[in-house]
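The structures considered in this document are given below.
Each of the next two complexes has subunit A plus one more chain, namely subunit B in the first and subunit C in the second.
Our next item is the complex of A and B:
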């Protein structure tokens, strides 16, 4: 079977969804709402690149939603205290990398399962944030929204930054040794070790990168509105894991491409607008998301079963 | 030559449980000194009345974790079962006890979906239950259109959540029955014994003739059914069935289990440990709210104490994990240092 079978299937499903929207609800494609929707998905894309790398190295990180919220608030607070934009961006990314490093130490060097570690850090950051901000909405100073540019220019910056990152990361995964280390660690950590790769360091690095990307995603989200909410990252872990799994990243590690992740995001992101445009109630979004995850793993399971016999 | 005492995992667990008993005693003394009305009969029943649902999830999660799996969907399952229960009683006019039995059956069915995907297709429990975590909660939200809730249950049903039976909250007796049942299964039957064998080495268990898929499935079905029961008890306590019932409960249940010394990798742990872990957690959460009644402290400090409980739960889980892993590393190092006996044919235990 074709190596890119999953990517092609998802692309076909996405094409079908967009085509039916084009026929039945053509105003879906009006330029401005379409661009806005695309821009609003860019933080998810950046975070999903991180989670895809984590899953490819056969780990999971469900604390990214909390990391995202924490980084957004840190960026917001530093910006509100009058520091220049560059400093608050650096603060957000740095804080994310630190939170990722904590996960990384516990998972890579203490050998704890990532699911429980990140479950614990998820709740820790979430509660720390609640204690700190008490759920208050944080108003951002002028000059933050769209990096102080006009809306179309800001949208262009956000979209091109995210896509540059995607292209860079996809290149690195295929052609740089760091990327190959991640695949190798994910498919068989012991074999990777025997081949001279340090799987612990690779895993640690992936978690740090994940945190930094969560910080960057938070910044890309922050610049899209004049306010920031302390719960802005809620549910991000599910969205990104769903996108990665749907896009063909194997949950058992070592397999998948970032292009598949992009397709997964676009497909899942269009579920809710499509429900609205087809005049269906939006309450089904979470159930559909869960169903899509299960379908994707179900397909994986059937394929590996067929491969065994 | 005196043979060096080999490292025994059983003694470690015994010690773990002893440590937990001391932690609980320490908490009780601390909150009795700092808090107000802590060691009263009323507060004592409150502690357990308000955490029975988490206790139920924790005892049902234990067999799952013993097999080396995890079930993230139990909190969402509570939401779905609560909504289904509310609909059956309110919209269909069913008798609450019949509806409760059906809600438990729905939970078992949901657990069966998890089990089928995990054992028949060999999928990782983590991602399967993450999918059903989203699916079950999403169905609950869709059924209630995101906002509807069900109330107006008959008083004889609400008694399950609020009445006192033989000096204890009514739902505690349900908890005792469930905990005793699962304890018996895990510690007194060959069936339950296989959970730990599977968690310790699934391949080894298979070679030993254990039907791994069937036995693992049962653990998930039990977890689902107990989540349905926990939903019914929650509805009886609150008098209201909503789609958001049990949000975040899976984490609290896992925390109780891990605190109780059950290895998150599977293969070792006891029901007694889980119950102690749950009690330690329940007392911590209740005790912190008692401190906030303490007027000598600055008002802001007092309100912080109440909100600390969530943060402390997360930190506690992290600490328990890190300590558990360090002990394991030390134990391995200790075992490696032991000289390998040369005269006796029996090899050193690992």
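Our next item is the complex of A and C:
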């Protein structure tokens, strides 16, 4: 079977969806709403790159949504206090990296299971935010939305940043030793260790990167509206993990590409607008997304069963 | 003299006739016949890989034989499953206790005793009392409420024995039960075995320790290369006759000849030991261009020694010298940096990563050296892989083929290539031809010999006696974590090596 079979299948499904929209609901492609929808998915893309790396190294991070919210509020608070935008951005990314480092130390160096560790940190950050902000909306000063640019220019910046990051990360996974270390650690940590790779350091690094990317994602989300909510990251873990799985990242680690993750995000994100344009009730969105995820997991199951016989 | 030693008048409780079993191309059992009488302790003897474990698994229903007859108490049984075997009164104590670590001793014993309905009530006080009784019967001082996780290996073994006792089995199989027991517990075990025999239970007893077989067994069946070479009453055999039956064959001269004299000492060990690895006082030199074979039974400490040298479980006693320089090796990274390469035994678990292309597998240990600045150069990587594919004769459709698409022998070559890529001075091979077919085996032998000829010092662990005898320039034999013999090629034969491995008269010959 072709190595990129999954990516090709998901791309075909996405192509089919877009093609039928082009034929039956050409409004879908009107420039302005289309760009807005795309821009709104970019924070998800950035966060999903992080989660994909975590899953490829055979770990999981469900605290991604809390990290995202925390970074968004930190960026918002620093901006509201009059500090320049650059400082807010650095603060968000730095805070994310620190939260990731905490997860990383607990998982990689203390050997605790990542699902439990990140469940605990998820709740911790969530509650900390609630105590700090009491659920208030935070109004952002002028000059934050769209980086102080016009909306089209701001959207262009957001989209280009996310895609630059995707291209860079995909290159790194294929062309840098670091990427090879992640795949090797996720496939077989003991074999990797015996080959002189340090699986602990690899795992730690991946978690730090995950946190930093959650911070960047929060910034890319922040600049799209005049306010920020302390629960803006809720549900992000589901969106990103689903996109990674649909895009062919094996939940058992060691396999998958970031291009597959991009395709997964686009496919899942287009279900809702497609329903609207086909004049169907939007209640179907979650059901259809669930079905797509099931199909993906089913395909993985078939594949591993085939590999065993 | 097969089967002439069975007493007359007793019907066998277990009878195997012409049992055959293959795993892929490997024929593990080529028609083995075996019978067990009630009230008999029947020892099963053979080298590693002779087919003992497979035979046990056929008896316990864990493996389905490909052919042959299996009778329990005179009735033929086809399609034996583990649960059916239990119903028929067959109990097995494996080398590695198969208990539930999170449950208490009493719970473990209760679970193994009786099958109950899914909804039937468990009467814990009674179960617990029963467990106490069973443990008392074998004289084990273990609390029934202790969590099994907290027990030592020998204690777990005793719990296993209690389970077998309590199940009221008519056929009890013990697979090297004394391997991890202390002297005191061994006596408990021997008493249990004798009690079982007295009550009419048939015991299949597997052990490498000949003295135990002489002390306990009534008859002994020797397996060699998947065939039974004879059943004899124990008191008609001498120790040396038993060893001869086990090794039996001539070493075929299919091994590549040794060429040239060995060079300087590359690795020198002085009284090396490691408490965690249960290795003590190993002193050994390995020279450039020399193949030193490491013989011994499974569990003799050979893999543990390799793991010490590779820094996986660092040494805590003695000294290691590499090229005359005293070194400490505390991690695989350090070992690699010092020019040590280790091709591990379990290539599926620790060697080739199956999902990843073989080219990536080959460069895995040399990223820091090969990819300076850590940008991967695919052309250089493919070239390196293509060279190894050609030089080692790896059968794959190309450097891009995933590890899992190759046969066992070719995976092993990829594993070797990964370590050759590090340009090592010392190559440690752990069971280099295990599970490899005959053709690939002799190719791997040629590769190993030519590597030695190019000046590599090779330490080859192998449980395959002909391989050790055929390949090695010198043979180091280990037993119970210690070196019990260092035998020069001229003096080495199956008998001297086996004797040192079994510890019957492990004198230094060289």
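Note that the second predicted complex is superposed on the first by the 309 of 309 C-alpha atoms of A that agree within 3 Å, B and C clash if a C-alpha of one lies under 4 Å from a C-alpha of the other, contacts with A are read in each partner's own complex, and residues count from 1 in each chain.
Assume contacts are C-beta pairs under 8 Å (C-beta built on N, C-alpha and C of every residue); 3 or more make two chains touch, one makes a residue touch a chain.
In this text the structure is predicted, and so the values were computed from the model without any measurement.
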Chain touching more of subunit A, residue-wise (subunit B, subunit C): B
Which of subunit B and subunit C A:214 touches, first, second, both or neither: neither
Partner chain in contact with A:53 - subunit B first, subunit C second, else both or neither: neither
First, second, both or neither for A:74, with subunit B first and subunit C second: neither
Which superposed partner A:176 touches (first subunit B, second subunit C, both, neither): second
Touched partner set for A:194, first subunit B, second subunit C, both or neither: second
First, second, both or neither for A:241, with subunit B first and subunit C second: first
Subunit B versus subunit C as contact partner of A:184, first or second or both or neither: second
Partner chain in contact with A:297 - subunit B first, subunit C second, else both or neither: first
Residues of subunit A that touch subunit C when the two form their complex: 174-178, 180-181, 183-184, 187-188, 190-198, 254-255, 307
Subunit C - residues contacting subunit A, complex: 310, 312, 332-333, 336, 342, 344, 349-356, 360, 364-365, 367-368, 371, 374-376, 378, 404, 418
Interface residues, subunit B side, partner subunit A - complex: 70, 117, 121-124, 126-128, 130-139, 141-142, 144-146, 248, 251, 254-255, 258, 264-265, 304, 307-308, 310-311, 313-315, 317-318, 321-322, 325-326, 329
Touching residues (chain side subunit A, partner subunit B) in the complex: 60, 62, 106, 110-113, 115-117, 119-124, 126-128, 130-131, 238, 241-242, 245, 251-252, 281, 283-291, 293-294, 297-298, 300-302, 304-305
